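By written order: A, B, C and D. Residues from 1 in each chain.
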Amino acid sequence: MNKTATSETPGAAASANEASGVTAPALRVTVWNENRHEKQNPKVSEIYPDGIHAAIAGFLTEAGMLAGTATLDEPEHGLTDEVLDTTDVLIWWGHLAHGEVRDDIVAKVQRRVLDGMGLIVLHSGHYSKIFQALMGTSCALKWREADEKERLWVVAPAHPIAAGIGEFIELEREEMYGEHFDIPAPDELVFASWFEGGEVFRSGCAYARGGGKVFYFRPGHETYPTYWHKDIQRVIVNAANWARPVKRERPYRGNAQPLEKLAAGRQVTKGEGQQ
Amino acid sequence: MNKTATSETPGAAASANEASGVTAPALRVTVWNENRHEKQNPKVSEIYPDGIHAAIAGFLTEAGMLAGTATLDEPEHGLTDEVLDTTDVLIWWGHLAHGEVRDDIVAKVQRRVLDGMGLIVLHSGHYSKIFQALMGTSCALKWREADEKERLWVVAPAHPIAAGIGEFIELEREEMYGEHFDIPAPDELVFASWFEGGEVFRSGCAYARGGGKVFYFRPGHETYPTYWHKDIQRVIVNAANWARPVKRERPYRGNAQPLEKLAAGRQVTKGEGQQ
Amino acid sequence: MNKTATSETPGAAASANEASGVTAPALRVTVWNENRHEKQNPKVSEIYPDGIHAAIAGFLTEAGMLAGTATLDEPEHGLTDEVLDTTDVLIWWGHLAHGEVRDDIVAKVQRRVLDGMGLIVLHSGHYSKIFQALMGTSCALKWREADEKERLWVVAPAHPIAAGIGEFIELEREEMYGEHFDIPAPDELVFASWFEGGEVFRSGCAYARGGGKVFYFRPGHETYPTYWHKDIQRVIVNAANWARPVKRERPYRGNAQPLEKLAAGRQVTKGEGQQ
Amino acid sequence: MNKTATSETPGAAASANEASGVTAPALRVTVWNENRHEKQNPKVSEIYPDGIHAAIAGFLTEAGMLAGTATLDEPEHGLTDEVLDTTDVLIWWGHLAHGEVRDDIVAKVQRRVLDGMGLIVLHSGHYSKIFQALMGTSCALKWREADEKERLWVVAPAHPIAAGIGEFIELEREEMYGEHFDIPAPDELVFASWFEGGEVFRSGCAYARGGGKVFYFRPGHETYPTYWHKDIQRVIVNAANWARPVKRERPYRGNAQPLEKLAAGRQVTKGEGQQ
C-alpha cells in the first residue's frame, strides 16, 4: 500500500456532500489489482509497466485525490484494517485469480461498503467474490476477445458520473461483454455499450448498498490501453467522487424502545441485542 | 414435503404470463417453515396448531394453487432436488434457527431463484441466509415486541401484489420492524408500514434477481394470528402469482461467437467455457 | 371502434391478478392508430391492407383477447367515454399527426391511465402527446431510415413481457432509434436494442403511473412488416396482459381525518375537498 | 430577483462533479415563492417576516451559495430568461395560487430542467403546474392540518441528500400529507415520514428528468417555523448541491447519420431536422 500525497493540489477534489460551505478533504482512494497478467504477459506489461493499479492511481492523483494501491500478493492482499480505515473509495480490478482472494477479506470489504466505503468494480471484476457478494447474483455474462469496437452510450445525462463525457465513448479495440449480464437492475444505468459483433451491454451500473455506493464500469481488458484513454479516466474519476462516503452516523439496528407513548395495554417485551 | 392437490379447481390460478390464450397450469408452491416456535411455545401452537406452514399452504390451496410444505428438520430441510424441481414459488419463514440451515442448500435455493423460481420471504425471514445472499446486504433492522398496531399503506397502486387490497391493511397487534432496513432499494416498493411507536418500514419489497422474482413481506410474528388475516392472505396469494416463473430459455453465458461480421483485422481469440 | 368477440376462446387470456382462483374475464384491448400512412403510402397499405390497427387487433384476438380499434379520423378519435369504459388496455400508434390529437382527449386518456387503464405506446408513438404528458420529458431521440438490422436484447429475463422470447429478437430491416432517448429511467428496462449503424436504444420500457401501467415498445416502422413478426406479436400480447388493470378501489385523496387519536393540544383544522 | 453575493466564502460550495481537481464555482440558486400567505396571514408573516423565500435564500447564502429570489407577482414571476440563465438550481414553494402561474413560464422552466437545471419542489409545491408537468401524474395526496408530529426517517443512508442527518428528523408540528401520493416511483426514495394521525408518506423523492435533477421535499407548511429547523435547512442545502447541473454537451436528437458502415443494400433515407 502506497499513498501518494498530492501536495500541489491540497483539498482539490472537494465534495458537494459538504453542505457547510467548507471544502472537503481530498478523497482517499485505494486501487486494488490482482496484478498477475502484468507479471505473466509481456503484452500487458508493455501497456502497463507498473501495473494497472499504478496507471489508475496515477490519473486519480492528477485529479487531486490521495490514491494508494494494494495487490493480491501483499499480506492480507494489501487490504489491512489500517488501509481500509483510510480508504474512502476502493477500486477493484481482478480476473485470473478471483478464487485466491480470501473469503474473510471479502467479508470485511463487504462490511466496509455497507458502512459507507465506495466501491468501483472494473471490467473482469464482475466475477470477483466481492461483486458477487454485494449483488447476490451470478454476475455471469457473454464474452469474446476479438479486438472489437465498443461504443459506450450515455443513457443517464443527468448523472455526475457522465460529467464531461460526450454522447458516447468509443474504444477501437476491446473485449466484448454481452447480455444477459446477471446483475440486479442497476439503481441507475449510466452507460450502455454497443459492440461490433452484435451485442449490447449495461456497461455503467450504479448501486447503493447499505451506507455505501457501488459502481460497475465495464471497459479495461488488460491487453488494450483502455486506462490511458482520457474519457475512461474521466469516468473513473467521476465515479470515485460520486462514491465518496456520505457523512452520517451509522444507523442503529436491533432492539429499540418506542418513540411514542403506546396505547394502554400494549406490553413491551424486553429484547436483547441485535436481531 | 406434502403436496396437496386441489382437484376441485384444476388450473384455476391461471397466469397472465401465458400469452397464448391457453390457461396456465396451477401454480406449485412450497411453503418452507423453520417450525420451531410451534413446538416450543404453546402460545404459537394454539394459533397455528399445524404450524405456520400448514396455515399458509391452506389458504394457497383454497386459492387454487398446488401448495406443499417443507420444514427445517426434514432431511435436506425438505428441499430436495425433487421438491425444488416441482416448485414454482418457494415461501420462506424462519427466525430462531437461521444458522442451522445448511449452506449448500442455501446456495442451491439461490441458484434456483436465479434460474426462475419465485421466492417470498416472510417477516423474520429477513435475516435468513437465503435472503441475505440474494440481497448482498445485512438485512438488519430495528425491532420491538410490544403488541403494537401496524398499518401497511399501499404505495404502488398499480402493482398486482396490491390487487384487492384497500388503502391500507391494519393489524391491531404485531411486532415492530423499523428503518433503517438494510436492503437494496426495492425494484418496486409496494407497502410502507406505520407503527404506533413512531417508526416506519418498507414492508412490501419486490425484486428481480436473475430469472426469478423475490418479494419480502414484513408481517407475521409467530405470536399473532397474522396469517389468518384475509388481507394478509390475499397479499401472499397475489405475491405467489406475481412470482410465477417466466417461461423462457435460460440465457447462455460464457464465450460467444460474433453475430455480425467483424471489420477486417479483428482477431477472434478462442475462449473456453464460462468466464 | 369495432370490438371483435372471440367466442372460440372465452376467458382464455386469464389473469394472475385474480388471486381468488377464478379465471379472469378476457382482456379488453383497444388499438388506436393514426391510420394516415396507410392511406397515403402504397408501400404501407400493401403491408397492412386493413391498417396497422387491424393487424394488431388480429393477433390480440387470436391470443384470446377482446380487441377493438379506434382511429384518428373517427369522432373523438374513436376514444369516446363509452369505448374507454370498456377498455382495459389501450395501444397507441401515431406518427404524422400527433398535433391533430385533441388536447382534451389526451387529458382524458391520461386520467384513465392514472385510474388504472393500461397503455402500450408503439414506435413513433414516443412523440405522441399522451406519452409526453405521462413521461414529463421531451421523449426526443435520434433516428434514421436506412433499412438497418435491429437486435432487441432481453435485459430483464424475469419480466413477464419477455415470456417466450429468446435471448434477442432480430429484425432484418427497421428504422433506427438511438440514444439519448429523453425519457425518465424506466421502472423496468426489458429490452435494449443494437443497431447496425452503431447506436443502442432502450427499446422496451415499463412504467407505473398512478394506478395504471405504461409500456413503450420501439419497433414498428410503417414500411416494414414488423407487426407480422411472431416475436413482436408475442411481446405486445405479453405487454397487454401485464398492463391489465389491478382491481382495487381508487385511493382517496384530499382532506382526511386522523386514524389515530392525536396528543392533547393538537388542533384539527377543517379542510375542504381536494387539495 | 435579488442575487446575494457571498464574498466571504468564494467558491465555498465546491462540487464533486468537477473531476478535474479544480474547485467549482459557487452554486447559483434561485428561490421562487408564491409569497401570498405572507401577505395575507399575520401568523405566517410573523414566522417569515421577509417571506419564505428570504428565509431559504438566507441559509443557502450562509452555506456559501449565491442565492437569489423570485416571486409570483414580479414580471414573468421573476423568472426571466436572464434569471434562469444564471440559475443552477431552482427552488419552488407555492400553494394558493398555482393556477396563476403562466403556462408559458411553466413550459420554459420544464425545458430548463430537461436541459440540466436542478429543481427542488417544497411542500405544497407538489400540486404546482411545474411538478405535475415533470411527473406526468396528478401529484394528489391526503392532507390534514392538525398540528401533528412528523418524523422523517432516512431510508437511503448512502444518498448525499441525507448527509449529516441522523436516523430521522422530528418536527413537533406540521401539516400531514398521506399516501397514496400520486407520483411516479422515485428514482431514489430518501425519506419516508411517520405521522401521529396514522399515515405514512414518501417525503423525500429524487428524480432525474432529461439532463436535470428534481427533488421533492415534503415539509414546510407556512404556519410552522419549519424552514428555521437546522436539519430541514441541511437537507435543502444538500439537495441543492446534489441537483447541481452536470456539465456535458446537450445530446443531439433528430435525424442522424450512421456511425458504422452499413451492409450492402441498406438505403439511407434523408431525414430532415428534429423528429
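Brief remarks follow.
Heads up, the rule we're going with is that a contact is a pair of C-beta atoms (placed from the backbone, for glycine too) under 8 Å apart; a residue touches a chain by one contact, two chains touch by 3 or more.
Note that the structure is predicted; figures quoted are calculated from it, not measured.
If you take subunit C and subunit D together, the chains in touch with both are A, B.
Over half of the residue numbers at the subunit B-subunit C interface are used by both copies of the sequence. Overlaying the C-alpha trace of subunit A on that of subunit D calls for a turn of 180°, given as a multiple of 5. With centres taken as mean Cα positions, subunit C sits 29 Å from subunit B. Centroids of subunit B and subunit D (each the mean of its C-alpha atoms) stand 37 Å apart.
Put simply, the C-alpha centre of subunit A and that of subunit B have 30 angstrom between them. Residues of subunit A in contact with at least two other chains: 151, 154, 156-157, 167, 178-180, 185, 187-188, 196, 198-199, 208-210, 251-252, 259-260.
Listed in rising order, the residues of subunit B touching subunit C in the complex are 9, 12-24, 62-65, 116, 151, 154, 156-160, 162-167, 187-188, 196, 208-213, 234, 237-238, 241-242, 244, 246-249, 251-252, 259-260. The residues of subunit B lying in touch with subunit A in their complex are 110, 114, 124, 127, 133-138, 140-149, 176, 178-180, 182, 184-185, 187, 196-199, 207-210, 251-260, 262-263, 265-269, 271, 274-275.
Across the complex, subunit A meets subunit C through its residues 151, 153-157, 167, 178-181, 185, 188-189, 192-195, 198-200, 202.
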